[in-house]
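Two complexes are shown next, each including subunit A; its partner changes from subunit B in the first to subunit C in the second.
Let's turn to the complex of A and B:
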């Protein structure tokens, strides 16, 4: 299963943290720091997979993608396929791009709650449930529509 | 430039308008981004938290405002600041009627709280209510929250509703309900075990999405108990076949591959079900062959499926044709330029060689390339492969390489892992004792503190016992070479403690055995060790014990020996040590010096380091004393488990486990007077480890108790676990060596032959030396590299030397070529991406064509799973799968933007748009702007943002100008 989704800026700032195995908030910064250290030490041309037993426990692996100013990081255990996870990041980013019309770091900073919504549609309890960005967008838009409906309704 | 940035920022923020963020939040983010130091940032957030605290507690704040406050709280917590005061507000918000607020509440609670947190109880009730809601979005939110927040105890509270939702008309709800149930299963398999049949039923769901979700729990179930799911093999194969044949609606396609994640999950399941089952595997071969044939090696996800297919084939009952296909794909991976694919290739190779070790031979050069790759991940994976293929013929090369690599890594976790692997391989395959000791020395020298102490004990035992009975001469030769090497190394600074312990022990046992070194020389060395490691009591204890032994041997041989001044100083110092253990050893040494020859021989018997010391566990020599005491009116010993007051003793003991035995003994006397009925029950509790009454909390210790109490007659007055423990302690103290196990070697004084150090440094050492140096120069001299690699390859893989040589002739040629081609590849960096982008452009662009032919592309609107329906009892029959709605048409232009820039996976966007091809061939930046202007019309609102910021989602490298640098630090 997928254990964590992280988006970390190249300035080592967390932009999104979602853990599917609970991690106490106090530990989050340590995790971000160790992951970032690992990532920043890796050159661009190497593979996108890293074993992270020392950070997330035995048998855990991490797949990341470095896009402009952000690292997208998925942490998972041996029951997932590394290449598939890499494509899951791709699907996630594609969805973001659709959602925000050319997504940039600022979109993510201001709308991290929306990112959570998107992720909740993509995966649940650490398992992938949906990878089609159209489907995800449809669900998210449905939620948004309700939001505006309630917003405009008099209270 | 500054102006441009400002405009960009304003535009970007302008486009945020629709998201309901207030200016306050924007300002917060902005000021954090502009903070010049961590301290300044902390100050800003502390101020923000103060503000939030006030506002959240304010009853007049409108509810919508509350949502934003809560989000700001989540944001602050994400940045690492304590926001626990707001948790209760998050819980409160989950009760809200309005969906967005409720969702925000759930989100915050899920991020803040553990399922065991006290506040979660308050949420369970809300979840329960929401699961019954008419609004399916509310139900979805509740299910999502349930996945995160429902712990073991709360499962029964929501379970009935979740099960009911499995039949909900909305597929999104069904899907989430399946996942929630799966999550419950993971939390506590017992509480949902009776519902497992539901998963089978959902496998025939009309919606492929729900079916796909069901595979997740089924995979877990099958992993646990494959045999009860063998009947599903045919269904799984059928599903996979239909997916591969594109019978699913195209909305399940991802980058032109039909439902890849479902395929991968199915392959994983089949791998488990087919493992060691010829019949089940027989059903799978056809579809696996299909996948290989249709396999798309151009896209990432296509390769993911192929890799999973290889995994499946290596797991199920082997089939030569399949293996051949798998090997072929593996070699494609290994030959690829992508590090990711090489990594997968190495992994796949590791799986395949388990079935057919010969497969590796073909790829030896590729493997060696990976071993020397600068990519650490790849290197480690390759070591993993080598570890799997180690044999007695190649162990020397592999372990040498591992150690070489181990020396240079800093990551403790991995260093430990690789060190223990070296030890394991060396123990298992060591070609000679010399090599083994030499290898162990290297491991201990560089990673001594990371290796399990058991390994050190094994090494000592090995040196003491030798490798077998056959040749005593070889054993003593081994010992003297060990002594030689240790004397050489002992002076070096910063040796790990466990290594020093070995050195001291070996020098003590065998330092003088062969007569090459004088006793005073060895003692002098040992004194130096003790002096150089003032803070390490264990090393000092080993050193003094070694000195003790050398004195004993000398006295036993009838030689006169003087206490050297430095040794006297050491003894004096240790006699006054804070450690009673060291004191005891020092006093023992002094006492020994006063003993005569015969006494010394019985204290330190010669040639006895491997002999087991018999421990009288029943303390039978005390029987007469006990008997006497009983006759004099003393009360008999009652085992602790039979005594009352066990619980209080237990709780006391658990606090001070170290001194258990002595405390219990004392307690026993006080608690004696009231033995009564409860004793019996508490005694039985001793035999069942789960009962609370058991006083011992430490599991390892308990096990020991359990064993001893089993092995001894229950009525024995002196038996009982603490007695045993106590006595062992006594024995150890007596010999003064607490770290030794019961089979403590004490001495061995067989005469030894003198061997010079040369024998020690030959073997692996001499051959590795030139190898290393040639590695150093390999980058410059291409041809020599290939020869070198050949040799390495031959030593790694070559089962027969002749075979390898023959191969070398052929493959040297290719190896010679490879450096030059590599060079071309690297200098042509720009050409590379172009090629990559052009190739995938060939297949017809499905996604973009959606608008033109929305329905016709999914031919059968019949339920692809109808075949399955008969399998699992009643399942609703109506085929609901309609064609994909053409909702994505309006988004088509956007799709291009995603695909065009994304080099590694970038699929198929170009082909619709001829200009894109040109764009790609120009510089990437220009390409970006070109595309941007192309899609301009749809994005008038944020042109500026578009030009630069879009690269976030689009360009894989990080060398773009950072638009928001000013904002985000």
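Let's turn to the complex of A and C:
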């Protein structure tokens, strides 16, 4: 299963954190810090896989993608395929791109809820439930439509 | 708390509501001051605001506050007391208003904490309602999706009651084939197998056969997750037909990957499975264009189908293609990873691409380098170890410090594995160790030093080369500045002292050990250096005296000159200009190390350089310096005595006696000590180890003036200590020896027991002492047997004997029993449900389980018993070697050095533990792959196979 999804800026600020295995909240900051240390030490144009047994426990691996000012990080265990996870990051980024029309870091900073909505459409409890970015975008738009439709009346 | 909306709170919250900051406002305010302090202040302000707002009776205000709180706790690690957040979230779960509900679910799934689990039962009813199909039809799907999300969140997984109450609500969703429900069901089963399996397992299994590809994909992923390694995959064997169906028909790469993963876990359990899936897997391997699927096929073939040669070759070919992908480091990395999965049977295949792998050692990517190193270490055997180690060491110079040390560590571990079983030529290995120590970034000094000493102890034939190499290390003053090398230098000094009779030039050795830069060494190493000098000078003296023979006149001449020189040397002790004198001396004594001049020169050198260390405030150094100087003084004092009583003719013989005695102190060979040696020493009758410890407490608090004679601990230690300290006492600086006399039992036993035999056998002494002969008689073959494992020999050069203790296999022989898989709760629950409900599966499943368990027990007991047989088999041989060594040991004095063996013990223990672990793992793998061949063919999945 996927154990964690992280989006961390190149300034070491977390932009999205979701853990699918319980991690005590006090530890979150340390996890982000150690992951960022690993990532920032890696030059570009090297492989995207890192073994992270010391951070997330035995047998865990991390795959990441460095795009513009953000690192997209998935942490997973032996039940996932490395290249499939890399594709999944690609799918996630494409979906963000579609949902925000040329996504940039500010979109991610200011859309905490929508980001979680997109991620939740994509996976649940660490299991991938949908990989097609069109499908995800459609569901997210529908949710937003309902959200605004209901929101307009009470406020 | 906010559970009862209090009336007075309305007034402030109305203001709050009107002017409440939204999440966007909060984000902006946080970004206004990006400094850490500014951000912390903004967070603190926002938190106090939120704590007020969250108590508002108005759901809108509350939901915005909740949203802000969730944001702060998630991304700014705000220390949120879990209760206010959790309670507000659960309160809002019931909101009829969809956006509020959505926020509440998000906040709950992000931040529910096992500490707040007491609140989760409050949510149970709401979850039940949101999951039930009767809710408002329009929003139903969205609402249930939210509920499933929460159900699968990690906090909910820790709540024991939730799955019990809600498992039934999942069933209709599973029947619909909703991927979300399937994923949630997998989490619920994993969290609470006993409660959830009876309800959810069958609907979940039905989803595997669902015509909806999304459902079958999700179900495959769910079973893949549930059968992941810590769990036992056996209960999933009955799913093989459905999985096989998916494997052959599915078009989804995701589904295929997951199915392959499950099969890779099932194939070792059911031998007929491998033959069945090998064709479809190979087809996928050749046909698929998706790299992820190709890689999964390679992994499946290499890990689970090693017996199918054609498939393995195909997979290796693909892996090599990955390897050759010049533009994609990910593929190169995974290609190496795949080659690393190959078992030893295909070592030659991996060997074929050695050049390509070696090239990867220089890759810019650390992953690739590490994996290449791992692969190369995997193909090392005794035939190519020289080539590979040489190639790796040449790579060390080109690598960055971190990787250089990884390489050195890997080479040391591989060569030292199982008592150097791969090393044939120890002269080569010794020079390799020295080369490693001299590489630029070497930080492996500890291990190199340990192995140098260890090789010295175990391999007699390597000692001349060791002494030569130690010399080159010791005479190089540049090395004394490198603190990583201190352990290596310490080992080199110890080796030169211990095997001094193999050295060519003891004078040079003494000079090297006493060179001025040795003051850069840490205390412990310095002490070793001084002790080595002691051994060297003792040996030189004994050779010298032996050479003089019985010629009393020559002896007298020597004494006269010794005495004459003493005054000079004492002067030079004070005078700083003694260097010139030494240089002149050095040039004259070079020719013959055992000439009178050489001895004098060495003694003078010792007095000049070690003399000042008598006042060193580090006891280790001080003590060694005392010993050494005391010995030198003793030699001279005898002569002074001789002068006064001219008539007494036996002084020369007393000197000879003394030199001989000192020499015998050091001449017993030290051997390796078994990890378990201490355990096997039987305490003598009447000694209760714990009884007297109470009195020690009083001792510790008292000051040093109290004599400690009341405690009977080491009956002979004080006496032997006294004899040893004789020189120190004689020169008058006796505070240390006073202390030692008074508190002898706190000092390590010196082991120098020539005067009376100790009741305790030496740790590495196979000779039982007289008093408890009968007790040890049974154990003696086990205590410290030396097993000569010189069985391997190659055509080119025969391997020297390597001393190996039988008990060093102890840990590895323990491993197999620990590897027998334990019953895990998931497997148990699955078995229960399968036994309870499905009559057809019942008999077959149970039969297979019993067979499997019986099989496991049998293999493990077989293994351990064969291990025992091996050990027993080694006893007779070792016993005969023991009797011969007994004779030798009788002649020798026991002169072991407890300090060194003490220092080595933990390290040795660690290394043998490591090797044991590795062996155990290996064994486990072997077991799981061979086991199916002998398994009675259970009719587990007959419908599928027939």
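Following the convention adopted for this analysis, the second predicted complex is superposed on the first by the 153 of 155 C-alpha atoms of A that agree within 3 Å, B and C clash if a C-alpha of one lies under 4 Å from a C-alpha of the other, contacts with A are read in each partner's own complex, and residues count from 1 in each chain.
Heads up, the rule we're going with is that contacts are C-beta pairs under 8 Å (C-beta built on N, C-alpha and C of every residue); 3 or more make two chains touch, one makes a residue touch a chain.
Just so it is clear, the structure is predicted and the values come from calculations on it, not from any experiment.
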Between subunit B and subunit C, pick out the one touching the greater number of residues of subunit A. B
After lining up the shared chain so the two structures overlap, which partner does A:22 touch, if you call subunit B first and subunit C second: first, second, both or neither? both
With both complexes overlaid on chain A, does A:87 touch subunit B (first), subunit C (second), both or neither? both
For A:128, select first, second, both or neither according to whether it touches subunit B, subunit C, the two together, or no partner. both
According to the stated criteria, A:68 is in contact with first (subunit B), second (subunit C), both, or neither; which is it? first
A:59 contacts which: subunit B (first), subunit C (second), both, neither? second
Give one of first, second, both or neither to describe whether A:46 is in contact with subunit B, with subunit C, with both, or with none. both
With both complexes overlaid on chain A, does A:77 touch subunit B (first), subunit C (second), both or neither? second
With the two complexes superposed on chain A, say which partner A:112 touches: subunit B (first), subunit C (second), both, or neither. both
Contacts for A:9 in the overlay, against subunit B (first) and subunit C (second): which applies, first, second, both or neither? first
Can you give me the overlap between the subunit B contact set and the subunit C contact set on subunit A? 13-14, 16-18, 22, 24-26, 28-29, 42-43, 45-51, 79, 81-84, 86-87, 109-110, 112-113, 116, 120, 124-125, 127-131, 143, 146-147, 150-151
Please name which positions on subunit A make contact with subunit B in the complex. 9-11, 13-14, 16-18, 22, 24-26, 28-29, 32, 42-51, 53-54, 65-70, 79, 81-84, 86-88, 90-91, 93-94, 96-98, 101-107, 109-114, 116-117, 120, 124-125, 127-132, 134-135, 137-139, 142-143, 146-147, 150-151
Residue set of subunit B touching subunit A in the complex reads 9, 12-13, 15-16, 19-21, 25-26, 29, 64, 71, 74-75, 77-80, 82-83, 98-100, 103-104, 107, 111-112, 114-115, 137, 143-144, 147-148, 172, 175-176, 179-180, 182-183, 186, 209, 212-213, 216, 219, 251-255, 260-261, 264, 268, 300-301, 303-304, 307-308, 338-340, 342-344, 374-378, 380, 411-414, 417, 887-888, 891, 894, 897-898, 902, 905, 938-939, 942, 945-946, 948-958, 960, 962-964, 967-969
Residue ranges of subunit A in contact with subunit C within the complex: 1, 13-26, 28-29, 42-43, 45-51, 59, 77-79, 81-84, 86-87, 109-110, 112-113, 116, 120, 123-131, 143, 146-147, 150-151, 154-155
Residues on subunit C engaged by subunit A in the complex (per definition of touch): 23-24, 27, 31, 60, 67, 71, 73-75, 77, 79-80, 82, 97-99, 102-103, 106, 110-111, 113-114, 139, 142, 145, 148-149, 152-155, 157-158, 179-180, 182-184, 186-187, 214, 218, 221-222, 224-225, 228-229, 253-254, 257-258, 261, 291-292, 295-296, 329-330, 332-334, 364-368
